Amino acid sequence: MEVLRDLLRYDRRFLIGFIITVLVLLVFPLSLLSPYEPTARRVVPTNLPPSWEYPLGTNALGQDIAWNLIFAVRNTLIIGLLSALLSRMIATFNGLISGYIGGVTDRVLSTITDSLIVLPRLPILVFLSFVMRGQLSIWGIALILAFLDWAWPSKRYRSQVLSLREREFTETALFSGMSTFSVVTREHLPFLVPYIMADVISGFIWAMGMEITLSVLGLTSLSIPTIGTMIYWANYYQAILRGIWWWIGPPVVVAIATVIAFYLLSVSLSEFLDPRTRLQRIKVRPEMG
Amino acid sequence: MPEQASLLSVKELSRVFILRSGLTRTRIAAVNRVSFELAAGRPEIFSIVGESGSGKSTLARMLLGLLEPSEGKIIYKGRDVTAIRRRRDRLAFMKEVQPVFQNPFDTFNPLKKVETYLYETVYNFGMTDNVREADRIIDDALRAAGLSLVEVKGRYPNELSGGQLQRAAVARALITQPSLIIADEPVSMMDASLRMSVVNLFKELKERLGVTVIYITHDLATAYYVSDRIVVMLRGNVVEQGPVEKVLAAPLHPYTRLLKESVPKPDPKDKWEGEVKLATSEGVEYARAGCKFAGRCPYVQDACIREAPPDVEFDGRIVKCHRVEEIASGTAQPAQNGSAPPEALRSPKAGSQAG
Amino acid sequence: MHLLKRYIIPRLIQWLVVIFVGVTVAFIVPRLSPLDPVQNTLNRMAVYGLMYPEAVESLRATLEELYGLKGTVFEQYIAFWKRLLTGDFGPSLSVFPTPVIQLILQALPWTIGLLVTSTITAWILGIVIGTLAGVYSESRFSKVLETLVMCISPIPYYIMALTLVLLFAYLIPIFPLAGGAAIGLRPSFSWTFISSVLKHGFLPAFSLVIISMGWYFLSQKALTSTLVASDFVTYARIAAVPRRTILYRYLIRNSLLPQATDLALGLGSVFGGALITEVVFSYPGIGQVLNTAIFQGDFNLMMGIIILSVVGIATGALIIDLLYPLLDPRVRYH
Amino acid sequence: LPVDIPRSELLIVDQVFRYSVAENFNVWLPVGPPTPTRQSLITDTLWYIDQQTGEWINALAKSEPIYNDDYTRMVVELREGIYWSDGEPFTADDVVFTVQTLLANSGMRWSAQLNLFVSEVYKEDDYTVVFELKQPNSRFHTFFTARYDAVYIMPEHVWSNVANPMQFRFWPPVSLGQYVVRDADPAGYWELFELREDWERTSVGQVVGKPGPKYVLTIFYGPNERKVIAMAQHELDLLIDLDIEAFQALINRSETARSWYPDFPFAWPDELDVRFIGFNLDRGDFYADRDVRWALALALDMVELQTEYIGGVARVTPIPEPGTPLLSQYYHRPLESWLKEFTIMVDGEPFKPYDETVPQRIAQWARAQGYTVPDDLEALKAMFGIGWWKHAPDVAEKILLSKGFRRNAQGRWLTPDGQPWRFNIIAPPDEVDTFRLALGAADQWTAFGIEVDVEALERDPFYARNNLGDFVATSAWGAAGGGLANAVVDKWQFMQHLHSDYYRPTGTPSAAENNLRIRSDELDRLIEELGAISPDDPRALELGQEFMKLWVENMWSIPLVSFKKFITFDEYYWTNFPTSENPYGQPLYWFIGSKFVLPHLQPTGR
Amino acid sequence: MSLVRAESLKAYYITKAYGVERVVKAVDNVTLEVRENEILGIAGESGCGKSTLMKTLLGIVQPPLTVVGGRVVYTVDGKDVDVTAASPQELEGVRWRHVSYVPQGSMNVLNPVRRIKHTFRDFVAHRVQRMSQAELVKWAAEHLKSLGLPPEVLNAYPHQLSGGMKQRVTIALATLLKPKVIFADEPTTALDVIVQRGVIQLLSRIQREEKNSLVLVTHDMGVHAHLTHRIVIMYAGKVIEEGSTAKIFSAPQHPYTQYLIGSLPVIGDKEYRVSAPGNPPRLDRPLTGCRFVDRCPKAMPQCRQAAPALVETGKDHKVACFLVSPEEEKESA
């Protein structure tokens, strides 16, 4: 809490990011209040511009864009966060094991990781969703995205661990009788936390971009509202040509705002969590000759 | 000495590294057929000294089981350390042999409280399961190292001074009541006054708790001050080994002599005379077939460059030198005008040999 | 000799393994598709004309043969490797029997032109601006710049591309809507052709530059900040070494190596095309071909492109790894 | 746009898609290269039927096919005075060579089908070709009779030297149409055609007697919004189709752009397919029950579907046959009285489901939108179709209750085994009306208490799922249950696929277009009888009408509306496109038959 | 004559992170001078502010380090330059010509991707007029030779040199333009004894030959004994004793200095040595009184109230301790 207060008070980036994030996160409680089912169509008159009754107007499918947006953001957040968390979990696990245990294990895991890295992700992603479309719930998308997005972070974590392994405290831990598992999770993981934090955000941003890409190509379940499917439908009904800005505008703006907010949060958080600055905050490190 | 009486016996221990740099490749025997024995039941401080890159840390890491030897054996209380595989055996070994590292600031994870490691050690080695009891054990260990639990409790590494940290490190090592502590340059990062306090601590450990300490350093003055026996290493080889009073007070090997002379004496009236000749790159010396010191030795002869010198027992110590007797008797003549041996100042590029 | 044995050969083996795995995945993934290319063809033919059911059956057999889809998956896999090793990617299924390689080669110049240019531009811009921002990290300009990059680069690419199209092709129509060059122009070295290509390529390239520059910028800035704080730069500053020297010879030169890896990977992935870019900007290139391949269930074409980009990226990484010791005097590898 | 060609001589048409292989004109390959527009400009076949007028055109053939009595032999007399663009005369040798080449190369288009029937083909003289058939076929000429396309004739003098016809690129092509290729984009975005100087020596020259635009440029601009912009900027004269939103955006921007009608309902309504929602009848569940399908049909509100979902622009049809002026003359209008009297039994009570007020109600809606529509009922029927089924959810409810369905506390339907009733409709989003009708049906059924969702699929997976029967409901098009729409009275072409010989169970690809897995002895009988007679036999019409009735009774699929297209043109540079005011031919410029329409275009002089 | 003077210098690290402001008084009211042709040693425990003092003397003051009081004056060609107030251009003008610097941990001060000769060029080319590259290299080679270093190193990359060699190259780099004052911060700390000896010898030779002044910071009293003429002892940001090397070693007056000298081990002497107990005070806490008071065996109540001033206790000798008044000093002398 104190941390939060400090960050809010002293880091403007964090403040901005925080406010937007809170607003964005409001969609979760708000979505419970919706008078409509998320997938319902024809519940309001079509194609109305914003008004008091429909603050963001309505779309050609007969949906209230404001509520639709709330569901869309919620679902996109779920996809993005789930995929980012999942992939970083795999990455962390793989990176830590690979980096710490080394040897044959490392070689095998690294080869797998490297092979995944050279695979062109987008084509495969597009292809997979093309194949599995229809069955692709938001969880499904999150899973596929997660599967395709753990290799790079894993490689980064691995190299981090490699250098941490050389640090003396690793050996202190070892000689304190800690098991491999404890060394990895309790000694090394805390150092990775800021990286992972920042990485989860970039994973989120990637996943969100991919969700939008896939949806815009029409490769997801189109009746589930997400930022991507909103744009899809707006495009489908020629919102741009017809100047229906209240349909195409909100998802675009919210997408940009969310991404920036998360990014700001990650930058200031990882700066805050960075061991160097963290130490600085506690006490100046005495140097020795 | 019968096998049982030996605490640690190192036999013909070697470790080879292969270094590649650019297009070249160098083979380095960072530890080359090193042998020594520490007796059980007779605690001592055993120093290993040598200039930078002489293989001290490599040796220490092998002794601790952190690095696989290329050849040779390490027998601790009758067990081959290199053959330990199972975690239970490793724990048993670690209970007996504990390290103290060079950089007190890096010995503990800066993100965790120092006491964590103390408790970990207590619990993992089954010293006790009881919290109170653990506190007591830790406090005892800390007191033995000149600290106390209250001073340490709740503190992060950066809240303690270097000296305190190094003491905490020693205390942690003491928790398991080890028979052997291996300290790799435990004071090199410290200023003079801290140095003495840590070194004094080792002395106390030996005397009060009967712990044998392997003290690795390049500070000859403290080595002399604390240790009983000493080993002098040069490019992976032990060149002189014996009781510290003999080896350092009256060194026989020219390298030991050089080392000793190079220690600046804290006395403005006693300054160096003559200029020292410095080593060329490590690689050249490691690569030389003969005596690794040949490039710098004032008594160098052709044989020194060609052949590795034998271990000669002399005056209660073992010296690795072709001309030890002559030198001891003072009859050895320095090489002509003390000039540079062939490869003394080669261009740095030639420093490592194309492999 | 040892270098060869100890370094180059293992690295080459790793390269081969990675490619092997990648290619195998490329073989498997399309086969996960419920789409049967033969049936696809039949379906599509049925849309256009009368098909007697008996005729369908005989055609199905013929097509299976022609498409190389006879036999078990394993047999197909073996046959696939045999063909691949002779450099044959097989015929495209959607525009049978045009060889896949021909489709790829036809699109490749556009893609390479677009992606190589934009990758390199983004790289150089990112490095230069990133370095300046890293050096003058306290200056207002640098802060504004950083905020700008920070806010632009994470924007989902599709949205960015869409916005550009909206702005510069619809609202302010200064750039053409589609294609790689104006109609009626054939590739030549004339100014008309080149300027047309530039005009058509500008927006897609611009969008790519903006997006990828962000990454280079941020990483370069981070590298530079580390370097600026490093001992040798501090020392040079204390010694009042001229700023330009510090900038070029100390900061940029030292950060170039890690950045070169990124560049190599970036260039290696050129062969995969830029799917979204090419779709959004209607640009003729590999991405466009891939798009068609995916939506028409053209296995062979998909595999061809995926394999090409796997090889591209793996080779990019290989080359940079092999060159690294030559580029960086320090590198020691164990 | 090409700099060196005056715009007044250039017709720019939408290329439909980008050609992935440029410079390949081997149009005899199984699925490619893609042919739109090319085929009408540079290829030719024997006969055409204009689907707008139903007119039979002898193109390369001089006269209609001549069959022997048992339909095992067809003789074709060819037109003289037709030349290839390289100056070679077109003769019987070309036709014989084409057929023989196709017969010999089993992977080529039409090969499999020709092999099914042709035992021998030879020329009697330079302008007479004889086909000997393996089995009687009174409709063998349909292979050479174009609606979209038909067997293209190859130049023997070029192809006889070709070693492997499957690999041959035929570039630059030698043309049999009135145009030649002048230039083509290697990237596949555009192709430029030029009128032959000797255009009179082609079938078009001889039949129509007028040249078309001097140059035709086909170009692909990308998605619809780009085409709209291009047309608004007068950089596109003719485009294939738009969704209603894009179309409206276009006419808001351009004074000169229009489609078939000058005003509402704008679009060309005479395409030959029907949009329908079909169920897989072979899943062993209640969808196989005719009454359930009837209940579903009655739960739909056609007026709302036609207006709110597709903008009022299409003709409704209760039978599986598009209500084009030509076809409704034979089917819709004559069946009207039958439809009115048609009765189904609901829980033992008779119920007349037909609702003839549908066109009026659509017109009402249109007026409310501010469109002007005729008051005359006949004109409305021509515009919006004759009528459809009543929106009778109460009746539907009764049917379902009688079948063991129940509503739960929330009013949602439970199937007879007590499960919530839910299903998906598969539909491809790029087939705009199909997709929107699916959305509409899903919305209406959901409102009725069934959980229905639409599963959007790309074309290929959509085809594949249909083909395998991997669906509960599909929103598709075609001749109601598959088969091929045609512009003739004879319905054999689309009925024959439904013969139970071609039935395949769910999970195996359907052998013909019987994706709905219909099986009916009565249907078999109709098909067999029709197949045995000449298409010109008056009995053919009777059988066709019987087929329609049978369909309605069984409600094998729910036909919704006729296929319409926003074929849109810009009259800024060119006029006299076929329109509702002047429906002289089909506006389908990418069909091979459009070659007979293009010569009618006139420059505006701009 | 003094070349460099520090007058009541106060240099604090002022940091502000997330609302926590901290002031580390690393150099607190330090006055000293560097005279012509002398080697001045600065000694003291780790973290007592030696490096900070050095940086301030050199005018390398960058946030968070701030000079909050006092000034540093160079005497360049007879004129005084106030370093604390000088513009960057002025500072650039005096660096390397008047003062130069051998930094702590010379291991990393050479650009790793440039050959040594290029580094030489980077450092001096802009300070000398009209000199071709070849001439420059020749000049550098001669300079190296005069320092007993092989000129071949000019073609090497830093990583190809050993630590000692790098340190000596850095020294060569700092002395090429024959500055009047050389500041060297822990030039030997990371080196082993043999290499350290080489470096020390090199420094003393340069000083002997050039007759310039050298300021040497190290906590290794042995090095001080061998090299310096005068020593300044720092403790917790303050100078507590200052005097000739001989005097400091033979008769240290401040209790801390006494501990320092007394605890030095010597080969051949195994007698027990005590070092100062306890830890130095934290510099980011308010400090009153003598900073050594907590560790001082002879602490008196007054030591806690006020900090003793640095007072002259004899010729060229100053001490800051209440125990040692100048009068007493005189009496005992």
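Chains here go by letter, A, B, C, D and E, matching the order in which they are written, and residues are numbered from 1 within each.
One rule holds for everything that comes next: a residue touches a chain if its C-beta (ideal position, glycine included) is under 8 Å from a C-beta of that chain, and two chains touch if they have at least 3 such contacts.
Nothing here was measured: the structure is a model prediction, and the numbers come from that model.
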TODO: Would you pick out the chains that touch chain A and also touch chain E?
DONE: B, C
Open item on the list: Quick check: more C-beta contact pairs at B-E or at C-E?
Closed with: B-E
Task: Most distant chain from chain E, judged by the mean position of its C-alpha atoms - done: D
- [ ] Between chain A and chain D, tell me the centre distance in angstrom, where each centre is the average of that chain's C-alpha atoms.
- [x] 46
Open item on the list: Can you work out the whole-Å distance between the CA centroids of chain B and chain D?
Closed with: 90
Task: Gap in Å, rounded to a whole number, between the CA centres of chain D and chain C - done: 40
Open item on the list: Can you list every residue of chain E that touches 2 or more other chains, as numbers and ranges?
Closed with: 46, 160, 219-220
Task: Sites on chain D at which at least two other chains make contact - done: 458, 461
Open item on the list: Using the touch definition from the top, which residues of chain B touch two or more other chains?
Closed with: 161-162, 190-191, 194
Open item on the list: Considering only the defined contacts, which chain C positions touch chain A in the complex?
Closed with: 14, 17-19, 21-22, 25-26, 29-30, 32-35, 150-151, 154-159, 162-163, 166, 170, 269, 272, 275-276, 279, 290-291, 294-295, 302, 305-306, 309-310, 313-314, 317
TODO: Please give the residue numbers of chain B that touch chain A in the complex, ascending.
DONE: 64, 66, 87, 91, 94-95, 98-99, 101-112, 117, 120-121, 123-125, 156, 158-159, 161-162, 169, 172-173, 189-191, 194
Task: Partner chain A, residues of chain D touching it in the complex - done: 224-225, 228, 243, 245-246, 248-249, 308, 424, 426, 429, 439, 442-443, 446-447, 453-458, 461
Task: Residues on chain E engaged by chain B in the complex (per definition of touch) - done: 45-46, 148, 150, 152-153, 155-156, 160-165, 191-198, 200-201, 219-226, 245-246, 249, 259-261, 263-270, 272-277, 279-280
- [ ] Note which residues of chain A are touching chain B in the complex, please.
- [x] 167-169, 171-179, 182, 186-187, 190-191, 275, 278-279, 282-286, 288-289
